[in-house]
Amino acid sequence: MVQVVSLEEAISKVQNGMTIMVGGFIGCGAPDQLLDAVSQKGIKELTLIANDTGILGDAMSQLIVKRCVSKLIATHIGTNKETGRQMTEGELEVKLVPQGTLVEQIRAAGAGLGGILTPTGIGTIVEEGKQKFVANGTEYLLELPLGANVALLKAYKADKAGNLVYHRAARNFNPIMAMAVDFVIAQVDQIVEVGEIDPDEVMTPGIFIDYLVQKQPREVSDVG
Amino acid sequence: MVQVVSLEEAISKVQNGMTIMVGGFIGCGAPDQLLDAVSQKGIKELTLIANDTGILGDAMSQLIVKRCVSKLIATHIGTNKETGRQMTEGELEVKLVPQGTLVEQIRAAGAGLGGILTPTGIGTIVEEGKQKFVANGTEYLLELPLGANVALLKAYKADKAGNLVYHRAARNFNPIMAMAVDFVIAQVDQIVEVGEIDPDEVMTPGIFIDYLVQKQPREVSDVG
Amino acid sequence: MLDKEARMEWLVNRVAQEFKSGDVVNLGIGIPTKVANALPEGIKLILQSENGYLGVGPAPETGKEDPDTVNAGGQYATILPGGCCFDSAMSFAIIRGGHVDATVLGALQVDEEGNLANWMIPGKIVPGMGGAMDLVVGARRVIVAMEHTAKNGGLKVLKKCTLPLTASKQVNLIITDMGVMEVTSKGLILRELAPGVSFEEVQACTEASLIRQE
Amino acid sequence: MLDKEARMEWLVNRVAQEFKSGDVVNLGIGIPTKVANALPEGIKLILQSENGYLGVGPAPETGKEDPDTVNAGGQYATILPGGCCFDSAMSFAIIRGGHVDATVLGALQVDEEGNLANWMIPGKIVPGMGGAMDLVVGARRVIVAMEHTAKNGGLKVLKKCTLPLTASKQVNLIITDMGVMEVTSKGLILRELAPGVSFEEVQACTEASLIRQE
């Protein structure tokens, strides 16, 4: 059952050593206030699964800067130099995955599939250590499901049953990650009553969501 | 580029011997007028991929009754006795597939995947002739992609760029089939101008659609 | 022993005890469907329809039928506030991915290993498996709800299913008009008897050896 | 030979000739992005942004930026009428499934077999492949648009790529500030020369043996 909780209560579900997924694409669609709370609390040794590690200075990037993460699975780290530095120095283990493969691996975990065959990565270092198949003359890599303990997501609107609606390009990985983890925490701009979102408008069914956190207005000190 | 065409022009794309996909679930979400046109035109030797063959008497069922179909790939045929009869008499080749497998096979074709691993069917006759894999102690079947020449779909609303919106449970297989074929024909209740559907409301991107056919009001003779 | 009708009512009510509020449940056609109307006071389930929505509500009033809102049996249905619609890929991601807490299905045969046969009788009925194979593999709990024996008196709770299987070793609980049996690694434990039914009476109608509840 | 700036302008305009109206195109960051502004009169493309929408429009006016509408480079963008949004799974189903007519990308190296290296330099730059590997495998046509040689004068059109590949044998066309080369089973055919550039000048800047257009 979905609960609307405080930021503090939500973040109590994220513990040292967990594997977490975070929605967003270079910050767009990333749950900034949940991320701020995680990095400020000083949670450590996380395995982070995300498209990228944000832009140096944003909420996502602080997970890396504040050294919350010991292992990263991502598609691109070029927009956060600190990630590259920690990787080069051997402080952070980084696994780079093609974006279309990452999203299918997450989807496979959520959909109960044992894996998917993709042509992406054939003939590149991505194929190292992976099983290959040939079908109709095309080579494919077997990519395995990728789940996590907790997902931190962002949505534009939720009802109290947890049904989520995203806005524009902020959707990206959020709906897929919602399916693939044990516990889902969604930061939402707006929480409405059950019945106020049309069934056809829902992008993530409420059954996937555990905690909803209402996004807080920025404090005055932030604006000045 | 999407074209709004007449029923006749649309159906000229369906030819004897083709493999076609048809959206819908026991008639709900099935493109009744496209189906009527196909069966009335007497197209033959089709391979039909669909969830079911409708309820005896409806537009979907007529594809079977009028013997347009020589091979059927479906999940359930219990609501159309004629399908069972033709199968038993050896007049129709029928392959029954679990519903979750069928939709993933179609999705795989549309998404460029070489196949998916599913636990469904393990220990049953569904596993016959298929490759098996064990991952983390669970057995999976490798299921291969399933595409087609043409898809006949139904939507509630389209804009002239082909973007589709479905209504309630009529969505079902339609959006998945839209991705998996060479040519997509969609019967729609309502066609609006480009820009009249919000980008977040679109359920099937217009790039998948080739022909739009406006659903015609029922003739008076049908009502009386 | 109660009469047949009363025993069937007991069965439906007994299945309805198996849930807690908020459970996501898929009810098969027939006896399982009746469970929705027999839930204890205060228990609200989220019913899933495999054709593509959550929040299945009661049948619509006459005149208010929506041809786009039908259940997995093809009958007119409604969607409750808080419900949502999706495509078949999402529907079966929900089912196969373990997001359905329980499914309740009928059976032609079920056995002491938890094997289930409910989709075909070779040479007779071949309706197809529809979504049943995915439901039985994917749902967290699989509850078989059925009459204990076939109309012709044939046994249905067997040592080993003889009909083509729907899924292998996935059934958790069997609830019939005679009692409640749990599938365990030791075999079928008879957890509960229908009113007025004795252990010996159930065993007489069951091929599998039942284990007495301790 | 034209000066550098004019040659780069020629390059961008030349890439823009490769499309017909309605083509679904994904433009990489940098030189490829400029192609959107150089399309011939009457040619309208449907641009895809791999973070999740179709119908990428021009940058928004100042003050009208929407933080939820950014392109794959993370910059503010707009969505044209007729555009639509979706999740990353759909975005890459579109890309991997062959529904993108063409992608235009930059390269660190490209070779006569159509191999492409554009995502890392071991020990130096390891930004990650992002969506590039899927785009190069999935798009129907892969067009490399880049300066013919590296800033330090190093060759980029090679017999065999030496950097880690983005994809194997997927490039169809290479358009540089010196000319247009098609990847064929025989090798690279030089289809066109930039204004004032000779075959010999291009060959001198190219490790692969170029084949003269017949």
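Residue numbering begins at 1 within each chain, and the chains themselves are lettered A, B, C and D in the order written.
Everything below uses one rule, namely that contacts are C-beta pairs under 8 Å (C-beta built on N, C-alpha and C of every residue); 3 or more make two chains touch, one makes a residue touch a chain.
Per UniProt, the chains are A, B = 3-oxoacid CoA-transferase subunit A.
Note that the coordinates shown come from a computational prediction; the quantities given were computed from them, not determined experimentally.
> With subunit D gone and every other chain left where it is, what groups do the chains form?
Once subunit D drops out of the picture, we keep one piece.
> Across the interfaces A-D and A-C, which one involves more C-beta pairs in contact?
A-D is joined by more C-beta pairs in contact.
> From the C-alpha centre of subunit A to that of subunit D, how far is it in Å?
Result: the chain centres lie 29 Å from each other.
> Suppose each chain is reduced to the average of its Cα coordinates; what separation in Å results between subunit C and subunit D?
The answer is 55 Å.
> Averaging only over C-alpha atoms, locate the centres of subunit B and subunit D and give their separation in whole Å.
Using C-alpha averages as centres, the distance is 36 Å.
> Could you pull out the residues of subunit D that touch at least 2 other chains?
Expected reply: 53, 79, 85-86, 89, 92, 95-96, 137-138.
> Out of subunit A, which residues touch more than one other chain, so two or more?
104, 107, 111-113, 118-119, 166-168, 171, 199-200
> Just say which it is for the chain contacts: an open line, a closed ring, a star, complete, or other.
other
> What is the complete set of touching chain pairs?
Chain pairs that touch: A-B, A-C, A-D, B-C, B-D.
> So in the complex, which bits of subunit C are touching subunit B?
Contacts found on subunit C: 49-53, 66-70, 72-74, 77, 79, 85-89, 91-92, 95-96, 115, 125-134, 137-138, 164-169.
> Please name which positions on subunit C make contact with subunit A in the complex.
Subunit C reaches subunit A through residues 21-22, 24, 46, 53-55, 79, 81-86, 89-90, 92-99, 137-138.
> Which residues of subunit B touch subunit A in the complex?
Touch list, subunit B to subunit A: 104, 108, 111-119, 133, 135, 138, 140, 142, 144, 165-168, 171, 199-201.
> For subunit B, which residues count as touching subunit C in their complex?
The touching residues are 25-29, 51-52, 55, 74-79, 84, 87, 96, 98-101, 103-104, 107, 118-126, 156, 166-176, 203.
> Quick check: in the complex, which residue numbers of subunit B touch subunit D?
Residues of subunit B touching subunit D: 1, 107, 109-113, 159-161, 163, 179, 194-195, 197, 199-200, 202, 205-208.
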